[in-house]
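Each structure below appears as C-alpha cells.
Consider the two complexes below, in which subunit A is the common component and subunit B and subunit C are the respective partners.
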Partner chain A sequence: MSGEQARKLIVIVAIWLLLLLAPYWMPPLGGYTALGTRVLVLGLAAMSVNFLLGFTGVLSFGHAAWFGLGAYGCGLMLKFVALSTPLGLIAGTVLGGVLGGLLGTLIVRRRGVYFAMVTIAFGQVFYYIAFQWSSLTGGDDGLRPFSRQPLHLGFATVDILSDATAFYYFVLFCFALAVAVMGFILRSPFGRTMLAIRENERRARFLGIPVERHIWIAFTLSCFFMAYAGSLYALVNNFADPRGLHYSQSGDFVIMAVMGGMRSFWGPLLGAAVFVVLQDYLSSVTINWMSFVGLLFVLVVLFFPRGLLGVIRRKSEA
Partner chain B sequence: MSLLEVKSATKSFGSLVAVRDVSLAVRQGELRAIIGPNGAGKTTFFNLISGFFPPTSGTVAFDGNDVTALSVTKRVHLGMARTFQITEIFPELTVHENVRIGAEVAAGYRLRPWISRAGAEKVERTIEETLALVGLSAKANRLVGELAHGDQRAAEIAMALTLRPKLLLLDEPTAGMGDQETYEITQLIRRLHRDSNFTIVLIEHDMRVVFHLADRITVLDQGKLLAEGTPQEIGANEAVQAAYLGKAA
Partner chain C sequence: MTQLLVFNITNGLIIGTFYVLMALGLSLILNLSNVINFAHGGFLVIGGYIAYTITPYVGFWGALLIAPPLTAVIGLAVERVLIRPLYGRDPLYSLLLTFGLAFIIEDGTRFIWGAQGKPVTIPAFLAQPLSYEFFFITGYRLFMVAVVLFIVALLFLLLRYTRLGIRIRAGTLDLETVSALGVNVRTLRSLNFAVGIYLAGLSGVLAAGQLGLEPTMGAGVLMPSFIAIIVGGVGSLTGTLLGGLLIGVASGLAAVFLPAASEAIMYVLMAVVLLIRPRGLLGEEGMMT
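Now for the complex of A and B:
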C-alpha cells in the first residue's frame, strides 16, 4: 500500500468514527445532537452540489430547487398520502430527481455563467410556485403540519420523532447510503468520464465521450442526491419552507462546497459543518451572522483556494 | 481505396475563405504531411477532417463512410483520433489515469458503473502497452500537468492511441519543442508508422521532421492546394519554394 492510499484510509476511518460517535463527543463540546443531524443533511446537499461542481466541473447555482422539491415531496407524502417515513423519503427523492432530470435536458448545452444563470431561473420558478400555491404548499408559512414517523423494522419499532439520538443514527444511515453510492459512481468508468469533462472538455469529446449526454447524467444524479437530502431536511424540521428553494439557499450550498474544498470528496461536509456550527453559534450573538460567514469564506478563498480540505494537495508519486 | 478522402472542401468564416476547394486522398498505411506558410489554412483543414466544424461545401469520406455531417464523437467511434497544436490533456490526473479514460471509452465501458475483473485487466493491459509504446511507463504515476512539454505531447498521443484509431491526426506534434524533444517525438511517430502501421496525417512546421517522416506531402497556401507529391518532388517544386520565400507563386 502506497503512502497516499494509507493516508486516505486513515482519513476515512477517522471521518466515520467522528460521525458514529458524534452524539457522545458533541454535547461535552457545547454542541447538541440535532446540530450534528443538520450538519449531515446539509453536508450531503453540499456534497451533491460538489458531485457536479467539483467532479464534472459544472456549476449549478439553483440546486436548492431540487433540495426544496425533495422537502416538499416528502412533506406532501407525509401530510396527505401516507404516514410513512420511508415513503416520504422516496416521494421527495423522486419528485426532485425526476424534475431535475427533465429540466436538465434543456440546459446541458449551456456552459459556465449561462448554465449557472439558467439553473438560478429554474430555482426561482419553483420558489414562486411554492410561495404562491398556498392551498397545497402553505405558501409563505411553509408546509405543515406533518412529522416524521416511527420506523417499523418488523422486529422492533424505532422512535425517531422524540429520540434525537435515534434520529441522528437514522440520518447517518441514510447519509452513508447516499455517500456510498456517490463514491461508487465516482470510482467507476462513468465517474472517470466526469473527471475527463471537468479537466478538458475538448479532449473528452475527442476521446469519443458524448459530453452533453454525460453532463446530463451527472446533473440528474446530482439532482436525485440533492432531492434525497432535501427529503431528509423535511424530516429534520417536520416542516418544508419555500426558502429552501430560494437561490440564496443554493448560494449557501456552493459556499459550503467551495469552503470545504471542491476537489475533495469530503470537503463539502467539512464546509457544511463549519457553516452550520458558525450559524448556530453566531446567530445567537448577532443577527448579522452571515457577514462573519462571508468574511471567513473570503479568507478561505484568498488563502486556501482549494478549500479547507484542499490544503492536502495532490502530488505525484514520483 | 483511400482510407480518408476529402473532396473539394471549402470553409469560409463570413467573407474570409480559410480553405478553398481542397481535395486530399490518404491511403491505408500512409504517412501524410500537410505543410504551408502561416495562415495557409492547415488547422482549419484539420478541423474539417476531424469534425470540429462542418465544411461550407465539399465532402469528407472516411473508411467508406460519408462523415461530412457526423459529430466529433461519432468520427472517433469510426476510428479517427487527433491531437492538438496546444496539448489537450487532463492536467490534474496522472499519466495512467489520462490513458485509462481513453482505454475504458475505447473498450465500451464509458457508461458502466462497474467493470468485471477480466475487463479491468484488459484495460490495464491496453494502458501498459500504450505507455510502453510512447515511452512513458516510468512516469505512469506522475500528474500530467507536471510533466515536461515533450512528455505531455507523448501522453496526448498515448490517449489517442488507446482508441486504436485507423487514422491518427497530429496537429503540429513538435510545436514549441527543443531539439531533443523534437527528435524524440519524431522517433515516436516513426515507430508508430513503421512498426505499428498506423495511418497518420500530420501538420508540421519543422521541415527536417517533414522530410524525414512523410511518404507524401500536401502543401497548402492561402487556403488553396498548392502542390502534392513525394518529399523529393515537393523539395524540387518551384511554386512551393516561392511560397515559402514569400514571393508570388
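Now for the complex of A and C:
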C-alpha cells in the first residue's frame, strides 16, 4: 500500500470514528446530539449540491427547492397517508427527485450564470406553491403536525422519536447509505465523465460524450440526494417550512460546500459543521446574526475560495 | 369589469416599469462583467433610505436628484473593494459575495433605520387621483412611469451614441478585443456597474414614494427582475425591457382572474418561454448560453 493510499484510509477511518462517536464527544464540548444530527443532514445536502457543483462544474443556486420538496413529501406522507418513517423518506425522495429531473430537462442546456439564474428562478416556484397552497401545506406556518415514527425492524422496535441518540444513529445510517452511493457513482466511469465535463466541456463533447445528457443525469441524481436529505430534515424537525425551499437556503448550501472545499468529497460536510455551529451560536448571542452570516460569505469568497480542506491540502503539499 | 381590468393592467404596467428599471441595471452588470448581482435589491433599499433621510432637507425633488447618484457612489466603492478582485474567477464567487452583501445591507438598514416601515412624503399635487372614474391613476403613478420612460430612453441613447455606451456594448460581445484596442476595461466595468446601481437607487426612491420603505423590500423585486432578464433573453437589453413589461402585465391580469396565481404566473411564463425559445425572447444564440 502506497503512502498516499494509507493516508486516505486513515482520514476515512478517522471521519467515520468521529461520526460514530459523536454522541459521546459532542456533549462534553458544549454541543448536543440534535446539533450533530442537523450537521449530518445539512452536510448531506451540501454534499449533494457539491456532487453537481464540485464534480460536474455546474452551479445550481436553486437546490433548496428539491431539499424542501423532500421535506414536504415526507411530511405529507406522515401526516395524511401512512405513519411510517421509511415510507415518508421514500415519498420525499421521489417527489423532489422526480420534479427535479423533469424541470432539469428545461435547464440543462443553459450554462454558467444563465444556468444559475434559471435554477434560482425555478426554485422559487416551489417556494410560492408551498407558501400559497395553505390548505395542503399550511402556508407560512409550515406543515405540521406530524412526527417521525418508531422503526419496526421485525425483531425489535427502535424508538427514534424520543431517544435523541437512537435517532442520531438512524440518521447516520441513512447518511452512510447515501454517501456510499454517491462515492460509488463518482468512482464509476460515469463519475469520471462528470469530471471530464467539469475540466473541459468542449473536449468532452469532441470525444463523443453526450454532454447535455450527462449533465441532466448528474443534475437529477443530485436532486434525488437533495430530496433525500430534505426528507431526513423533516424527520429531524417534525416540521416542514416554506423557508426551506427559499433561494437563501440554497445560498447556505452552496456556501457550506465552498467553505469546506468544493473539490473534495468530504469538504461540504466540514463546511456544514462550521456553518451550523456558527449559526447556532450567533443566533443565540446577537439579533444581527444575518450580518455575520453575510460577512462569512464575503470573507470565505475573498480569503478562502478553495475552502478549508483546500487550504489544508495545499499546505500539506507545499 | 372593464374598470377592474383597466385597473389591473395599469397596475401591472406600472409594476412592470419597476421591474424594467431593476432588471436593466442587473442586466448591464451581468452582460459586461458576468456578475449576478444579488445585492441589487439591497441597493434599491439603500437608495430609498437615503431619499428618506434627505427629504426633510432637500424635499422630494432634491432627493430624487441626489439619492440615486449617492447610491451609485456606494456601489462604485463596493465594486472597487469587493467585486473587482473576483472578475477573473468563476462567476460562483461574485454570486456568493453579493449574496452575502444582500444580507449585510438588509440587516444594516434594519439596524440603522429600524424594522418598521418608513413613509416618504411626495408633493401633494402628485398624490391626487387624476379622475374620479379611474381613481387609481394618481399623478404619482403617471409621474413614475414618465421618469422610468425618460431614464430608459436616456440609457438607450447613451448606449447607442456615446463613446462609453459603444464601449459597453462592444465589451458585452468581446471584452478581450475591447481591451486589446486600448480601452481600460477596469474603468469601463466600474462605470458600467455604477450606471446599474444608479438605476437601482432610482427605483428605490420611486418605490419609496409609492409604497414606503422596509428593509426587506429589495428581496421582493429581485426575483421578478431575474425572470424579466430570462424571459427577455440574457444579453439583450431590449429583451429585458420587454420581459419586465410582459411579466408586469401578466401578473396584473392574473390578479383579475386568479389572484392566488399573480406571483406564479411569472414563473409559468418563464417556463413556457424556455420551452419554446430556450435563449429567451430576444436573446441571441451563443450569447452566454
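Keep in mind that, in the parts below, the second predicted complex is superposed on the first by the 301 of 318 C-alpha atoms of A that agree within 3 Å, B and C clash if a C-alpha of one lies under 4 Å from a C-alpha of the other, contacts with A are read in each partner's own complex, and residues count from 1 in each chain.
Just so it is clear, contacts are C-beta pairs under 8 Å (C-beta built on N, C-alpha and C of every residue); 3 or more make two chains touch, one makes a residue touch a chain.
Please read all numbers here as calculations on a predicted model, not as lab measurements.
Looking at the shared chain after the overlay, A:Ala65 reaches neither subunit B nor subunit C.
Legend: residue contacts after superposition of the two complexes on their common chain; A:Leu245 is shown touching neither subunit B nor subunit C. Of the two partner chains placed by superposition, A:Val179 touches none, neither subunit B nor subunit C.
After overlaying the two complexes on the shared chain, residue contacts for A:Met77 are found with neither subunit B nor subunit C.
In the superposition on chain A, the chain among subunit B and subunit C reaching more residues of subunit A is C. After overlaying the two complexes on the shared chain, residue contacts for A:Leu19 are found with neither subunit B nor subunit C.
Contact residues on subunit B toward subunit A in their complex (touch as defined above): 50, 72-73, 76-77, 81-82, 84, 88-94, 97, 100-102, 104-106, 109-115, 141-143, 146, 156, 159-160, 163. Listed in rising order, the residues of subunit A touching subunit B in the complex are 184-185, 188-190, 192-193, 195-196, 199-200, 202-211, 214, 217, 263, 314-318.
Listed in rising order, the residues of subunit A touching subunit C in the complex are 53, 59, 61, 106-107, 109-114, 116-118, 120-122, 124-125, 128-129, 132, 247, 251, 254-255, 258, 288, 290-291, 293-298, 300-302, 305. By the touch criterion given at the top, residues 30, 34, 36, 82, 85-86, 89-97, 99-104, 106-108, 111, 223, 226-227, 229-230, 234, 260, 263-264, 267, 270-271, 274-275, 278, 288-289 of subunit C touch subunit A in their complex.
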